[in-house]
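In what follows, subunit A forms one complex with subunit B and a second complex with subunit C.
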Partner chain A sequence: MAPRSTAQKRLLKEYQQLSKDPPPGILAGPISENDLFKWECLIEGPPDSCYENGVFPAKLNFPSDYPLSPPTLTFDPPLLHPNIYADGTVCISILHPPGEDPNQYEVPEERWSPVQSVEKILLSVMSMLAEPNPESGANIDACKVWRDHRDEFDKQVREHVRKSLGL
Partner chain B sequence: MDSSTLAFIVILVVGFVFLRWLISPVDPLLTNDETENIVHRLNRSPDDVSARRIRRPVTDDMIEVVRTIAPQLTTGQIRMDLERTGSVELTIERYMETGNLPFPPGESRPQHTDDSENHNKPPAKTSSINLIEKYGLTSQVEQEEQNGGVDSTWHDDKEDRGSLLSKKRAEMILGARRRLASQLQKENSA
Partner chain C sequence: MSDQGDDYSFEFEDSDENSLVDSALSSDDRDSENEFTGGASSTNVRTLPSSSNSSEGVVIKNSIVYKPWTLKDFIQKFFLDEAISLKEMQLPQCDIDELLIMLHYKNWQKEDVINDYYDDLERFRTRCGLPEIQSNKKDSGLLLGTRFSCLICVEDYDNIDTYSLSCHHRYCINCYQKYVDVSNRNGQLIRCIQSNCNLSIPHKDVSTLQSASNGHILESEAKKPVPDSSNKLLAQAAKNYIETHKNIWKWCPAPDCNFLTQLIDRKYEDKDKENPIKYEKDLDISDVPIVTCPNNHQFCHDCQYENHLPCPCWIVKLWIKKCEDDSETANWIQANTQSCPKCGTSIEKNGGCNHMSCFKCGFEFCWICLSSWKEHGSSYYKCNRFNPEEVEAVKKVQQSRRLTLQRYLHFYKRFAVHESSMEGDKKMIEKVDHKMNLFMEEESKKKHPDRNLSWANIQFLHDAIRSLTNGRKTLKWTYCFAFYLAKSNFAEIFEQMQDYLNKVVEDLSLIFEELNNKKNKNNSDIIIKRKKEIINLSDLIVKRQNLLIECAQSGLNQGLLYFETS
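For the complex of A and B:
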C-alpha cells in the first residue's frame, strides 16, 4: 500500500474513533476507503425540533491539506434551514478557514483549526439544526420563512422528513 | 622573545588556519569520494554541508511548514519566496516582518467570491429524497426491530468496516422510520 499522507492518517484515525465511540445520532465514514477524502454521514434530527425523527444524509469533502483547511459539508438532498444554502452546503463558523473573519463577526476560536475534528463539526451541525442562527443566514428565503411563518417552515421540514423516510 | 610567547603565537596561527579550513566551503570541483571523505572527517551529514552552500529544492513539506504559520498565503506565494530564499526560516522571517509575501507574476490576491451567490443556486443533481430507495432498504422496511445494539468494534479488514457502516446506516434510517411511524399513528388516533 502506498505510504499515507498526514491527511489520510488523520482521517483514518478520526474514522476509527467515530466507529468505536460514536456520538448519539451521528454516523460518519468514508464512502469507500480507497478515497478517504470523501465521507458520507447521517445526522439525526435533534428531538424537540421540527427535524425530529428525521435522518439527513450529508457529504463531507476534505481538502488534501486537511487538517490545515476545513472540509465542506453538504446535505444531499438539500435541507431547508436558515444556515444551509440552497445547494445543501452548510454555513457555520467551524467550517470557515482559520484566521480572522474579514467581517469581524466570528471570533477566531470558533473557526476551523486543526484541533477541531469531524466529530465536533457534526455535533455543531446537530446543534445548528436545533437552534438556527438567523443572524448569519445563508439561505435568505429559508430565513424569511423561518422568521415570519414558523408554522409553514415546520410544516415544510416535517413534509421533507416524512418523504425521506417513505411514509 | 621567549619560547612561551613564540609557542603561543604559533598555536594561534595554526588554530586560525585550522579553523579557516574547517569552515571553508566545500570545493564543488572535489569528487564525490573526496567530499565524502571531508564530510566524514568533519563528522557531519552531507546534507548539512550542502544545505548551507547549495539551495535546497523547494519541497511540499517546506510549503506545508510555512503554511501552518501563515495560512492565508497562497501556495504560489510561498513557493516563490522559498525559491528565492531557499530556507523556511528566512521565508517565515520575511512574512513576520511584512505580514505578507509578494505574489508571483500572473497571480493576484484570490478574489473573495460571494458565497451566497455561489451556493444559493439549487444544485444540478441531487440524490433521491427517499432514503429507503437511496440506500436500497425496501426489503428491510417490513422487518421487525432487530436487537442489534450498538456495535462499536473496529474491524481490521476494510471490507468488514464498510459493511458494518452500511449496516449501522440501515439501522439508523429504519429506527427513525419506526419512530416517525409510531408518532404519526399517535397523531392520527388522537
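For the complex of A and C:
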C-alpha cells in the first residue's frame, strides 16, 4: 500500500530508520504493513534495575494527525511501575503536548513536539523504567509500594519478569 | 426607533465604530471602575437626555452602566492600542511585535509588563520567549521558494517556503501552518515547533503562517507591518480574556452573534455588592441588567439569557431547569400510569377492561386493586368492596398530580408557542423586507415615481418588526412569570394585562401575515395604506409591554404579587 498522508509517510520513514539503525534494547515496528498507525514494540528492562533481564511488549497507537499529536504507549500485559496506569498506559511528559503552563520552559522534562520521534519516546520509556518519577505518579498503589517498601516492589517486579519469561 | 429613550425596551442605536474605539474606556479605567461611578463624571453622563446619544458609547440604563463592543474593537482597544501606547510612552525601544508578546504573556496587563521589564529584563524576555537582545536575526524568519528537506513531514521539496525564528529551527511552511492551527486553540502564545525551544512566534507571523497553502504563504498577509484586529491568535486570546473576566464581559447569547458587552458599573444602592447570594430571591426586577449588543439583541447581563423581563433571574433559572430536566416526564408517568405489581413496569391503560396482563412479565392483575386477577374469579369489581377508601386515596393523589401537570403544560405550551412564533416572525420579516427592497428598486427606476417614497418612509416597518419581536419575547416570559405567581386579585390584573399585550401582538403579527400572503403585486400599496395601523399597533405593543413590566415591578415591590416556588 502506497503511503498517502503526511502521518503515513513520516511513520514509514521512522520505521525504516529504526530497522536500519535500532537503538540497543528496543525493537519496534507496525503490526501489519496495512496499518501504519498501530505499532508493536519490545522494550528490554534496563540493567541495574529491578526490570533487568525482562523483555516487555507494548503497543503504540498513533493519531491520524501524527506528528502534531503524540501517540499513546500501552504495556501489554500491564507493568507494575509508578508511572504506568493499572491498564498499562504509560504516562510520561514526552507523550503529552505542551501544556498551558506559561512557565513551561522552567520544567526540565521534555514535552511532545512534532520534532520528537518514536525512537526518542522509547528511549525515554527505558530511562523511565530505570528511574521512576514519583512526583507525577499514574499508579498510586505502585507509587506507595515503590516509596515505602522498595524491597517488596523489587520483589513483585522480579516475579513478574520471571513469569513473563516462562521461568 | 419608536421605543427609544424608554427605560425598559431601550434600544442601542447603531453607533459608528470609530466613536466606539475612540471613546472606549482604557484598561486602566476598567481596573478602577468603581471610582468611575463615585465621581462627578457619572452624574454628568446620567443627565444626558438620551443615553444612546452619548458620544462615549456607554449606555446607562436603570441600575446598569454598560458598553456594547464588537470583537474587533475589543482587540484593537485592549490589545493593539495597548501595545502602541507602550511603544509611544513607556518602552519606545521595543518594537510592536515584541510588545504584543510581552502583553500577551502578562495577560494584557500593561503595568505588569512595565514592572517585569524594569525588574529583570533578561529574565522577562526569556519567559516571554523573546530572543536575547544581541541575538543574530540573520537567516531567520520566512524564506520564500527554496529547496528544502523537512524533518517533520520527511518530504524533500524543490520549491517551498520555510520558516524559523531566530533559533534557526527551520521547518517547511506546511508543517508550520498545521502546527500553528492546532496550537491556536488555547489562545496562549505559540512557541517554536521544536520541543524545549521557548521562543514565541510573533502575532503577525502567526497569521502569515496560517495563510499558507500548497507550500507558499499569501504575500499580502506577509506584507502587513503589524497584526490587525482580524488576527486569529489575538481573537483567541481575546476569547480567553473574556472567559476569565466573566463578571465584566459577556458574549451576546443570540445565535451567531459575535458581539459582547462590558459591564462598567452597577448601582446596587443600599444593597450589599459583595454578597449577591443574599438577593437570591430578589423581587426587584428594576435591577435586572438588560443590555443590548451592537446588533440590537437584548439580553440579561447576569444570566446571559435573552431579555426575560418581567421575570427575575432566579425565576428564570427555576423555569429553565424545570423545562430541561425530566421531572415533568416523571410526573406524566405518575399521573397516567400504574406499575405492574409484579415487575414494576409502567403501564398506561388506554382502553379495554380492567383485566390487565403485563406485556413484560405476563402477570395478570386487576387495574383497580392491583392484586392478582386469579382472586377475582368470575365476579367483576369485587375488589372495590374490600377497601374503597384506599382506592379513593390513590385516585386522589393521581388526580392532584394530573392537575399539577396540566397547569405546567398550560404555561409551557404558551411559552413554547411564543418562542416558535418568534422564529416564524423572523422568517416572515425577511420576506417582507425582501419584497420592499424589490419594490423600492423598481420605484427608483421610474422617471416620474407615482408616489413620493423614500427609504425613510418605510423605516417604520423595521421599527414595527422590532417591537413585535420584543413584545413577543416579553409575552413569552410572562408565562414563566405566571406559572410561579401565587393566586391573588393582583395576579388576575396581571393576567388581564398579559391578555391585552397578547392581543396587540397577534394583531400586528396578523397584518404582517396578510402582507406576506397576498399574492397580488400591490403589496406595497397595502403597506402604505396600512402604515398608520402598523405604527399605531407597534406603539401600542411597546406601551402595553412597558405597562405590563411596570405592573409586575410595582406589584412585586409592594408585595402584592409574590411567587410560589415549592
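Please note the rule applied: the second predicted complex is superposed on the first by the 152 of 167 C-alpha atoms of A that agree within 3 Å, B and C clash if a C-alpha of one lies under 4 Å from a C-alpha of the other, contacts with A are read in each partner's own complex, and residues count from 1 in each chain.
The rule is simple: a contact is a pair of C-beta atoms (placed from the backbone, for glycine too) under 8 Å apart; a residue touches a chain by one contact, two chains touch by 3 or more.
Because the structure is predicted, anything quoted here is derived from the model rather than measured.
Subunit A is touched at more residues by one of its partners, and among subunit B and subunit C that partner is B.
Look at A:132: by the touch rule set out above, it reaches neither subunit B nor subunit C. When the two complexes are overlaid on their common chain A, residue A:20 makes contact with subunit B while staying clear of subunit C. Contacts of A:111 after superposition on the shared chain: subunit C is touched, whereas subunit B is not. In the superposed model, A:65 lies in contact with both subunit B and subunit C. Shared-chain residue A:82: touches no atom of subunit B or subunit C. When the two complexes are overlaid on their common chain A, residue A:165 makes contact with subunit B while staying clear of subunit C. Residues 65, 68-69, 98, 102 of subunit A lie in contact with subunit B in one complex and with subunit C in the other. Here subunit A touches subunit B in the complex through residues 16, 19-22, 27, 29, 32-33, 42, 44, 53-55, 57, 65, 68-69, 76-78, 85-89, 91, 97-99, 102, 138-140, 160-167, going by the rule given at the top.
Listed in rising order, the residues of subunit A touching subunit C in the complex are 6, 9-10, 13, 65, 67-69, 98, 100, 102-105, 110-116. Partner subunit A is touched in their complex by these residues of subunit C: 105, 126-127, 129, 151-155, 169, 171, 174-175, 178-179, 182, 186, 188-189, 191, 193-196, 198.
By the touch criterion stated above, subunit B contacts subunit A in their complex at residues 64, 67-68, 71-72, 112, 115-116, 119-123, 126-134, 141, 150, 152-154, 158, 161-162, 164-165, 168-169, 172-173, 176-177, 179-181, 183-184.
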